[in-house]
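Quick notes on the structure that follows.
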Amino acid sequence: MMRSVFNWLFPHPLMTLLLAVVWLILQNDFSYGMAVFGLILGIIIPRAFAAWWPDRPRSFRMGRMIPYVLLVLWDIMVANVQVAWIVLTRRNRNLRPAWVVVPLDLRQPEAITVLAGTITLTPGTVSADISNTGHYLLVHALDAPDPDAVRDDIKSRYEARLKEIFV
Amino acid sequence: MTHWIIAPVVLPAMLAPFIVLAARYHIGIQRVFSLAGVVALIAIAASLFVTVSDGTILLYQLGDWAAPFGIVLVGDRLSVLMVLLTAVLALFVLLYAIGSGWDDRGWHFHALFQFQLMGIMGAFLTGDLFNLFVFFEVMLIASYGLMIHAGGNDRLRAGVQYVLYNLLASTLFLFALGSLYAETGTLNMADLAVRADMIGADATVGIRVAAVLLLLVFAVKAALVPLHFWLPSSYAEAPGPVAALFAIMTKVGAYAMIRVYTLIFPPDLETTAGLYDVWLLPAALLTVALGMIGVLAAKKLDRLVAFAVIGSMGMVMVAISLMTPEGIAAALYYIVHSTLAGAALFLIVDLVKSNRASLNLTALPPVAGAALTSALFFAAAIAMTGLPPLSGFLGKLLILDAARDHTMNVTIWAVILCSSLIAIVGFSRAGSVVFWKAKGVTMDEQAEPTSSANPLAYVAVGGLLALLVAHSVLGGYAQSFMTATAAQLFEPEPYISIVLETEGKLSTPDASEDH
Amino acid sequence: MSLFLIVALPFLGALLPGVMNSAGRQAVGGVTFTVTLAAFIGLLTNLPAVLAGELVQTGFNWFPELGLNVTLMLDGLGFFFALLILGIGLLIIAYARFYLAREDNMGEFFTYLLLFQGAMVGIVLSDNILLLLIFWELTSLSSFLLIGYWKHLEAGRQGARMALTVTGMGGLAMIGGMLILGNIVGSYDLSVILQHRDLIQADPMYVPALLLILTGAFTKSAQFPFHFWLPHAMAAPTPVSAYLHSATMVKAGIFLMARTWPVLSGSPEWFYIVTTAGLITMILGAVIALFKHDLKALLAFSTVSHLGLITMLLGTGTAFGAFAAMFHILNHATFKAALFMSAGIIDHETKTRDIRILGGLRHLMPITFVIATLAALSMAGIPFLNGFLSKEMMLEEMEHTYLFGPEWLVPALATFGSLFSAAYCFRLIGHTFLGKKRDPESYPAKPHDPGAGLWLPPAILVVLVVVIGVAPFLVEDFVKIVTAAVLGSTAEVPEAHIKIWHGFVTPLYMSIVAVVGGLIVLAMFKPLSRLWEATPRPEAKAIFDEIIGAFVMYAKMIIHPLHNGAFTRYSMIFGVAVVAAGYHAWATGVLGEVTRAVQPVGWVEIACWIMLVAATIGLAAMHHNRLLALILIGIVGLMVSIAFIFLSAPDLAMTQITVEVVTIILLLLALNFLPNQTPIESSFLRRGRDVVVAGAAGLSTMALTYHYLLRDAVAAPISEFHLANSYKGGGGTNVVNVILVDFRGFDTFGEIIVLGIAALLIYALTEALLNGPVRARLLNRKPDKPLSGTQHPMMMVILTRVIFPVVLLVGFYVFLRGHNEPGGGFIAGLIVSIGIIMQYMASGFGWAQDRVRWPYHGVIGAGVLVAGLTGIGAWFFGKPFLTSDFTYVRIPPFEKFELATAALFDLGVFLAVSGAVMLSLESFSRLARRAHVKDSDEPMDVDPSKSIITDLEPSAQEGV
Amino acid sequence: MMLASEFLSWAMTLAFAAVAISQLLALVRLVIGPNTGDRILALDTMVVNAIGLIVLVGMSQGTRLYFEAALIIAMLGFVSTVAYARFVLRGDIIE
Amino acid sequence: MEVLVASAVGILTAAGMYLVMRLRTFPVIMGISLLTYAVNVFLFASGRLTIGSAPILRDGVDVYADPVPQALVLTAIVISFGMTAVVVMISLGAYLGTNNDSVDDPTETDQEGEA
Amino acid sequence: MTMQVIGTYAVALFLLIGAFFMLVGAIGLVKLPDPMTRLHAPTKVGTMGIGALLLASVTNSWVFHDGSVHELLIMAFLFVTAPISANFMSKVNIHRRTCETPPEVPEAEVWSTLVERDENGDLIQ
């Protein structure tokens, strides 16, 4: 009973939290009243629009998400410098762009999306497409003399961690 | 403060969304509400008319903000006259739309109709120039909807041009408004009048351009040649009752011109001297001539009437361009006449259309129910061509008489009289082809299934013609009202002082003038 | 009886015949006769006053400002004409009752006839010349209806139109003349005008006025060169011809000349114009009449001729001339009406009016023969008949009239005209009635005298013909009273008496010459006729048709190429007109001093400017690629937004950005159905011309902008008040928002209505298209290019699901703070709409539509109602519409916050905007729904977690 | 302090310049294309750069008033990019 | 600064007018859009140009950009959005019905009448 | 005082970093040889550039004003939306064949962009 009421109120508790935080940041006002107001909105909006996100993943490990985010941010910074270097110094004819096909172990759309987003955000690679069954990800690499290495890197560095987050 | 003066705007503005919200699937309920609304509008307009006919000027400060900071509605003789005319026209048009079933041939007729009324009423009542723009847009966009009501390829193609041309005009309107604000720093018409007068003779370029751009905007609305190109096709292709309602739309342009060029840029204002008096009268005469020549040249009855409307707008504009009290009074008399006559003609054309294979002016099988329809056409044509005894003739006489002392009086008389002749020839040709030739042509084997219009449709047309008769018989009374109206327009001080000196929220009466 | 009633009776009575049509022909005819009789008797009650020389007057004000009042007067002249109109009217009505066929609509006929009668009586009794004009034109209109009465006859229609055109033209000319006259005298009352002969004739506008008024009179009375319409009017039923075209209407012009005689006549202009026109008309009419084979045509031209005669008499400007004219009017009315009715009888009985077919009828139709012969002989000027008397007087007057050339010319011409006049009269008698007796079967129908109903009316007239002819003294006093009325105070009525025998004087010789000559001419008719036929002569109808045809052709040449639907040209003319008028205003004004300093330019501004300009010019240059054009317009929008930010207008920037997104979505939705390329169609020259026009427009706006930017307004702008009172009176610190929802909330109210209407229109048109012929086309539509198979990519679906609630939150945030910070209902509405559109785009129409809980129609309606009711709410506090109020409240744990009615209004704005945007876009995409792809219930192409390929699952077609 | 603020204003100028040049470069790509994809990309870049420009303007004017505008572009700007792309891919952008 | 704004208005107007005179509805609508931009900037400029002083009241600040033209332009933007949507829809309807997106309408004079 | 000096330098530094990366992104957009490689430069380098500018703004607000972090939201939005844009632009390139054709997918699958559908929208196998 309590459980179902909770589920009804918080179809996605993380979203409630996210909205409350966004509200506070938007207001630039981290007062108690604002937080309460933000929470109220965080409850109302997902509740009212619950139908727009069916089949949410119920198991999502927030704790493992944070190190993942930090890792990605670090990778973004490093890779940015690399790509900048390539753009500024490398001649076009010395560029080795390549398609990389990444077979996926992940099955949840949310998880795959996060992986694809991560790949895109880390410079040098772009998630270009997915296969019609969703079992392969097509990635384009700006400069990849060894595409297989890129593939393995993606799988080990990101997908493995995501498997831990989206169980 | 009485709230009645805003009722002509708010009533349709509330009725329309209500219809959309609550009755969009029930044509019967829509009709009842729409009709009731229009009847109420007439009652309101009539009582306002009584109120202002003694010269009272009604002021309504929206949001309780004093002019020129907020928007005001002003009801004087002129605006209330136009409101009443619109309400009365709306009733008969609505009756026709219901009687002929036009309102049920597409979606949202009644909502659009009410919105259209709201726009027109607002345009007549507002005392703020930007607000006038907004109401123009309300009026126009509703008219787009009504014009293409029920769809159809020809109508849509004509609609495209109608909308595009009016978009150009709206753009021009904004240019004019920007110029005016840049030059004067205000938008209220009374305040504009005060500030336009403050502009010195050493810097007149800005205000002159602004005045001319505004004039052109209204000229487009009034279908003044060469800015009339939007009219023929759109009026011809619009559904009958819609074209009939549009008869008032050109008058909005005439109204605005009268208002702005008696209040803000009166004829004796030095800074804008030599602008409209150079161009307006020749253009108006050209409009009269072109309209009536168009009547003669028309190949289809609906376009013939459209050109007649252009011609009659030309008559109105000739009277306005005289810029004398007599001229304005004549223009107002003619405006009422031309609105009723134009509307009646478009409705009659629609009656013909529903009973004839096409509106082409060629011999075709007989028009069913021709006797009544042709009698109505004959009467309306008499009115439109300015033959006695209907108000067209009287209005023409008034205009000719008003032009007596003008330097170009001979030209004016010659153009108007010759154009009348052309119109007579054109209408008699068309009428005899459509109604008389009928018996000469053998019945077509595959005669179109004719949809005979409901008696209500005939009541509507008859009503409009009865109004024309009343406008003629009681023309003397009408004319003394118009004369009083013109006098009020040429004595704008009470208007200006009422608008600018009435206190509103947080304002002192002279707050606007102390800087 | 009151003069009003006399004029009004026919008009009021005109309602009856039409109404009583079902009561039978007898009733219709009877009521018409009764009405006329009543008016006739009413007129006679005024006879004593007229005989006493009184002027009967009555009137009331109608258009006092214009000087158009209903004033009537009755003097001898008016009485005379009214008597003719009503008296002959009675006979005609009786005649027509029997003349009209069963299938003719008698009610309609008599209605028109009474209208005409009323108008005629109105003309002759009017004291006000504007009123007279009204009746004048009414006779044209009613005669149009009467001539065209037999609608199936081509000739009738053409004759009616010709008559209306010619007399209408005259009427319009007369309006001009009357206005001038009124202008000179300062009154439109005849009784006043007639007192000002000297004033009028001294005025420089006298001649134009005279010409215009005479144009009216001549057209109406069929004087040369306007004579040609009358014969064509003969297509009318014979009673109409008899009534209008001989006895009454055509005499209206004569009446007018007689009426204005005291002030217009006597000048050389009058004399030369009127006399000449009359003389020519008289001779021309007589000659043509002789060679006409149609009885009615012959009579028509004879009428033309006699009208010329009367005109000529009036033209001389002498009292005797006027006297003779009046007398001849009386005589002509009697014999000509009788002749027309006789012709009608012949037509009715023999079914032909062709003189060549007729002949010998005296045996078969003796009564008709007697009537017609007496009338014709009177017309020929045979003694003891009234025609002789007035013709003698005419010849006497002509004897001392000198026009041009030698002294004998006018008398000789008058005699010549009379000669032909006698000739056609003899021909009428001889070729119709005389000749050898023929078998009745040799006519198109077996002729015999008609019933009394038909012959009695002309018989009565012929009795008058004879009585007046034998005992002219019976009418002499009356004619003198009439003449006195014509002359007014300008001249004395002549002493002369009307006598049959004057002694052996010149007119008698002239008369004899005419009669004898007439007989000789008739004897030589065959060779003369051959000569006539062989002579080339202008055919009036052909000329008229050609003129009208030319007018129509020129009208078409002007109108159709000008209004050929070429919007490109319409818009060019618009541009040129605006630029020209604006330039004129600029060039004629005085350029003021620069009062504002130019602000410095940073090079970011320059970069933005370059981008804006490059995108704009690129758009104009590369618009043929429509998708590229859309991308470029996106850049223009973006740059304008940035400019707004740079120039301190954050609200504008936000609105611009959001509107831009929605617009592009909308245009892309439309472009899906449109060709992707715009073909290059206009020629190089055309494009060059357009560049010039566009360049001029651009330069103009640039100059104008620059002009205003460097100068201050004439007084401080009203916005100072808004800045000062926004917080105090509107409760908000975002002045733009306070203006929008409070100071100028009424604008905003109108604006959301515009958006609402736009959405309703789009919805309505979509419905019309989907339920019309277009639907089939949409269903069968094939994509014009290969399409990718990816419809709802997973990545977008998932990420927008995360974004969506945040977008809603931001929307709410923007809405809430709009009153104090950039934002507000508009922007919030657009943000939320775009959030929802995102879902439509990501997960598909069907999927998203299933999740929409409120119909967009309702949202729009509710929005407008909320805004409107917020405004109305103020009424309950005695405040005007849209008066705002606000208060600050504090509910723990929240900070103090503001509650404002403006927020409620803004909520209405929010609802209306979002509803309108969504309804519009939904409608657009519904067009594609029926197009080619079935909707999917699944939100994404691929959902690996379900281990199925959703696309392979057959899914039901989504309804719309 | 003097040095720091000078450095800041110099950096600000440089940043403005960089954004301006970036925009112009993107415009070049947009005009030369050659593919629709390139053009959409160029537009997308310009939209993102515009955010940077707005942030810079806000910083240089010392105001936060332009934050919402930048936020909206960041939040909704991609919608038009997606719309253009969807148009190329599917013709119908809402299906 | 003023020159930039004025010339931008001029160029937007010129390009807009040029496109308005094209033969197909789509470029004409583009042209109207450009004209709308032009007039919006013009209307905005009627309050003169002010940098860095948005009309949002702040303590101690007394120089603000003129808010009235901003409000007017906001209204104008929204209205012209509605108008654009409508004209796009109507021209689309006309195109779907006739398979012709010419803005010129030659059918106007197609019918022959009695001479 | 010192904090403010450091803060000022930090702001300037972030500005320079942001400016640098934005410029690099734009240069890449112009310079790189084909549509797919061009995609890399602005979508990510630009993101980094904006990110640095936003950090500059945040720092600036803490140094000179009463502090704000809401710029982070902009960054967050960009990070969430950039992959969608990149994904779609890649799809455009693949669909329009304006890039090197991607390798075949193993196991008889196809890339969803290259899926063909019949007129009814059903997949063609």
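So that you can tell them apart, the chains are marked A, B, C, D, E and F in the order they are listed, and the count of residues begins at 1 in each.
As a working rule, a residue touches a chain if its C-beta (ideal position, glycine included) is under 8 Å from a C-beta of that chain, and two chains touch if they have at least 3 such contacts.
What you are looking at is a predicted structure, and each value in this text was computed from that prediction instead of being measured.
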item	value
Least hop count linking chain A to chain D through chains in contact	2
Contact distance in steps, from chain E to chain F	2
Chain located farthest away, centre of chain B as origin (C-alpha)	A
Of B-E and C-F, pair with higher C-beta contact tally	B-E
Distance between the centres, which are taken as Cα means, of chain E and chain D, whole angstrom	24
Between chain E and chain C, distance of the C-alpha-averaged centres to the nearest whole Å	36
Rounded Å distance, chain B centre to chain F centre (Cα mean)	56
Intercentroid distance (Cα basis), chain C paired with chain B, Å	16
Sequence positions of chain B contacting 2 or more other chains	130, 134, 137, 141, 144-145, 148, 151-152, 156, 160-161, 164, 168, 175, 178-179, 181-182, 187, 232-233, 298, 429
Multi-chain contact residues (two or more partners), chain F	20, 27, 39, 43, 47, 68, 70, 73, 77, 80-84, 87-88, 91, 93, 95, 112-113, 115, 123
Contacts with two or more other chains, residues of chain A listed in rising order	22, 26, 28, 116-117, 127, 129-133, 135
All pairs of touching chains, each written as two labels joined by a dash	A-C, A-F, B-C, B-E, C-D, C-E, C-F, D-E, D-F
Contact footprint of chain A on chain F as seen in their complex	20-21, 24, 27-28, 31-34, 36-37, 39-41, 43-45, 47-48, 68-70, 72-73, 79-80, 82-83, 86-87, 90-91, 93-94, 99-100, 102-103, 105-107, 109-113, 115, 123
Touching residues on chain E, where the partner in the complex is chain D	51-52, 54, 56
Touching residues on chain C, where the partner in the complex is chain E	549, 552, 560, 563-568, 571-572, 575, 596, 598-601, 605-606, 609, 612-613, 616-617, 619-620, 623, 626, 629, 633, 636-637, 640, 643-644, 646-652, 655-656, 659, 662-663, 666-667, 670-671, 673-675, 678-679, 681-682, 690-691, 693-695, 697-706, 708-710, 712, 717-719, 722-723, 726-727, 733-736, 739-740, 744, 747-748, 751, 754-755, 757-759, 761-762, 765-766, 768-769, 772-774, 777-778, 820-822, 826, 913, 916, 920, 923-924, 927
Complex contact set, residues of chain F against chain D	1, 4-5, 8-9, 11-13, 15-16, 18-20, 22-23, 25-27, 29-30, 35, 38-39, 42-43, 46-47, 49-50, 53-54, 56-57, 60-61, 64-65, 68, 70-71, 73-74, 77-78, 81-82, 84-85, 88-89, 91-93, 95-96, 98, 113
Chain F residues within the chain C interface of the complex	77, 80-81, 83-84, 87-88, 91, 95, 112-117, 119-123
